[in-house]
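Shared between the two complexes below is chain A, which pairs with chain B and chain C, respectively.
Moving on to the complex of A and B:
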């Protein structure tokens, strides 16, 4: 009984940490710019594959590969702003929300397909991973899972510090609260957008490495965690970071439990059912506030 | 500003729409006499399916502002129900088409009841999740439902889907020319869909849809019930999408979970975006352009998906209103330029008179 419970707990916490990372990247962008980044999944995959390139193909140490994934993710985020988002912001503001979604869908497909053409469709092994496990009496904790949870907690702390304590973080939060007011107070909103996309790209890079170290590298790698991150964002209320993290862990534990009880197949459908039930009860998400729209 | 110019041009645009549709119908009738190749005709039939789905997605998103990503799920649902009725009960395909479409409406209303309380991106994310769930549940279905010979059949057909459950009867009737018969049927389906869509868009309820899209707050304040109106448009679009799904299953005599894949959905979105979101002819123009581009890219093989993704991103960047919107801009610009001369003179005169 105890070992089943710990198995569910370990699986739930690990996937919860991964989902939290994916959710934070999405939620950050949505909260500050009102942009749903459908290319986030492809950026995740890109991060996983760049770590592979740096450490396996180029033979650099694992740490460099990890940093490489972060840098490549950040560059991808920056390019996304420069090439797409900046130009879409020039158009009508009212259509930005749906336009940017469609544009990033296109970018996501193109990026995923480029990865497929470059690396091939066969699954590859992520070199940045730990083997073995820590045995504590009847419990056995795989190092890999511990590493993931550790990295995610560290990253969360860094993001929280970045948003809470730095000048950049204050500008991001101000823009998220009220874009016009922030602009009038002298915040360069365009630079904030750029920073947010770079930051979320870097987070996606790390997340990609972590996800692929649990499974394998394949071009559609990012899609499954992204789909779950989407509905976790929705259930927490889009743009709410602490809520997103809480929802990610809560739902991941629930999913692990359902997968154990009813089989892997029913994990996601049950999750979706719960989310829809929550949304009927609270349409703005669990932690979301009801928005009052001015006309 | 745009409202005024639009209401002024209604009689003119209606005449233009009529002219275009008559020309298109003439072209559609002439087509089978001009095209010999079976491959080309087959692709045209497929393109007509795409145009039908895209026109319904356009009704939903372009006119009513509901960003649903469950469009292919509705299409698949209609196809699956039709195929399953024929497969399990041995019905004729023609008899199963309407139940398939009606079942899709019921399904869409259930999805709509769950999703349409929300707005904007929330709707998109939930509908996407529902579509993906449907795909996962079908693909991972391994439980035996019936035995066909020594082969185990799953209730939903599993990863293989259904095949050989009947056809539209054109093979028995027209022998070698069966494809032309199917072409005529699908072209009729498309025409009917377009006519009904046109009537809906131009009717008072169509104006309510448009109002909800352009300014939800104002529309609701003027007495439009957002939830009911959007549920209605969701149901209408699901009916035609589901019907098209049934015809699709009947035409190909097969249906599988492949049509639920992300790339199929993206193709529909790309068609609507390239043609022009919220324009009546947009989906048709988009279908012609994208199916054409797709055929050209077939030569390049594996770069097709990459090209498609770039086309979506670039067209939303360069022409947010699509090709039809761009042509509209061009016409307006030309008119404006022609009218510019006398108008400025008039204004000068007025200014002079004022002084």
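Moving on to the complex of A and C:
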């Protein structure tokens, strides 16, 4: 019984950590900018392939490859702001949310196909991974799962400190809560938007490495985590960061339990059922408030 | 130094602004000097809040100029805030999920140093001691009067040259209004430059040194508060008696 519970717990926590990572980037951007970044999946894939390129093609150490993925993700986020979002914000603000969604769908498709043309469609092995397990009596804890949970915990702590304790984090939260008031306090909201997309891109980079280390690198790598991230965001309430993390871990553990009890094929349908139930019961999400259009 | 040549702290010249095609302000001009307490009175929906929002950059200028210390007209609200315009907007516009302290610290976002932030915080807590008691309380859980106090405190934390206050009495009980105006009177006595908009001129009769009566986006009368209060025909025509 203990080994079954442990297996569910390990699977749930690892998947939950990956979901949380994917969700945080998405939720951060929505919460502070009212922007649904449909290119997030492709940015995540880009992170995974960047680490692969740095580690395999350039022969750099795994740690450098990991940092490289973060930097490439951050640059992608920055470029997304400079080339697309900034220009859309200059236009009619009332249509920004729909325009940016359509624009990022296009960017996501273009990025994914660029990766396909560059690396081919064959799955590749992510070199940044840990092999072996820590055996504690009857328990066997894979190092890879432990690494993912550790990285995610560290990253969440860094994000929490950044948002809660720094001047930049306060500006991001202020902009998310009341954009006009933040401007009156002297916050340059365009700079905040740039910072948020850079941060979100960096998180996507980490997430891409972590997800591909559990599976394999392939051009549509980011699609499944992003779909799950949307589910977590909807369940938690769009833009609610702590709620999204709680939903990610809670639903991942629930999914792992369902997969064990009813079979792997029931995991995803059950998650969708939960989303529908939450949307009926609490349309703004478990931790969300009714959204007020700011633009 | 020749004082006559010195530009006013704030100068509005033929200011026209509004929302998309709707022109709300139709040519506003006046000056504010350091230490002034200027009040703009007028009926609801005639441009009082738009005036403050135009000065702070939230509503873009259609034409005209707004000059701070003789400088050029700026468009971005954050740049205007950096020049010392502290806007306490209508409805408070607090950051609802932040604590009182965090809201106040956001006011000092552009402060040059930690020591300066601490100095301003001490000043605010001395003037508004209740905020010190409530410092860790989330802003959304405050009462209307407390929220207004945080709004004013946050404006003070900006350390600006001019405090723009938008209808501080709106939606509050008479006792709370009295407290709020007590604080504003204290600020005025300490030499702060204040531009306040208010619907009821009687509330600022003892505070303001000059009134502008705004009607349909234009200033229709200017003068000392006592004079307006003595003009029954003006009160009846523009402020409903």
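FYI, the second predicted complex is superposed on the first by the 290 of 295 C-alpha atoms of A that agree within 3 Å, B and C clash if a C-alpha of one lies under 4 Å from a C-alpha of the other, contacts with A are read in each partner's own complex, and residues count from 1 in each chain.
Everything below uses one rule, namely that contacts are C-beta pairs under 8 Å (C-beta built on N, C-alpha and C of every residue); 3 or more make two chains touch, one makes a residue touch a chain.
All values reported here derive from a predicted model rather than from experimental measurement.
Touching more residues of chain A than its counterpart among chain B and chain C is B. In the superposition on chain A, A:171 makes contact with chain C only, not with chain B.
Once chain A of one complex is fitted onto chain A of the other, the partner contacts of A:230 are limited to chain B, with no touch recorded for chain C.
When the two structures are aligned on the shared chain, A:132 is found in touch with neither chain B nor chain C. When the two complexes are overlaid on their common chain A, residue A:36 makes contact with chain B while staying clear of chain C.
Using the contact criterion defined above for the overlaid structures, shared-chain residue A:186 touches chain C, although it does not reach chain B.
Once chain A of one complex is fitted onto chain A of the other, the partner contacts of A:105 are limited to chain B, with no touch recorded for chain C. After overlaying the two complexes on the shared chain, residue contacts for A:59 are found with neither chain B nor chain C.
Shared contact residues of chain A with chain B and chain C: none. Considering their complex, residues 56-58, 76-78, 81-82, 87, 89, 93-98, 102, 105-107, 109-110, 154, 158 of chain C touch chain A. For chain A in complex with chain B, the touching residues are 30, 36, 84, 87-88, 91-92, 95, 97-99, 101-111, 113-114, 117, 223, 227, 230-231, 233-234, 238, 265, 268-269, 272, 275-276, 279-280, 283, 293, 295.
Note for the complex: chain B touches chain A at residues 61, 67, 114-115, 117-118, 120-122, 124-126, 128-130, 132-133, 136-137, 140, 215, 217-218, 262-263, 266, 269-270, 273, 302-303, 305-306, 308-314, 316-317, 320.
In the complex of the two chains, the chain A residues touching chain C come out as 167, 170-171, 173-174, 177-178, 180-189.
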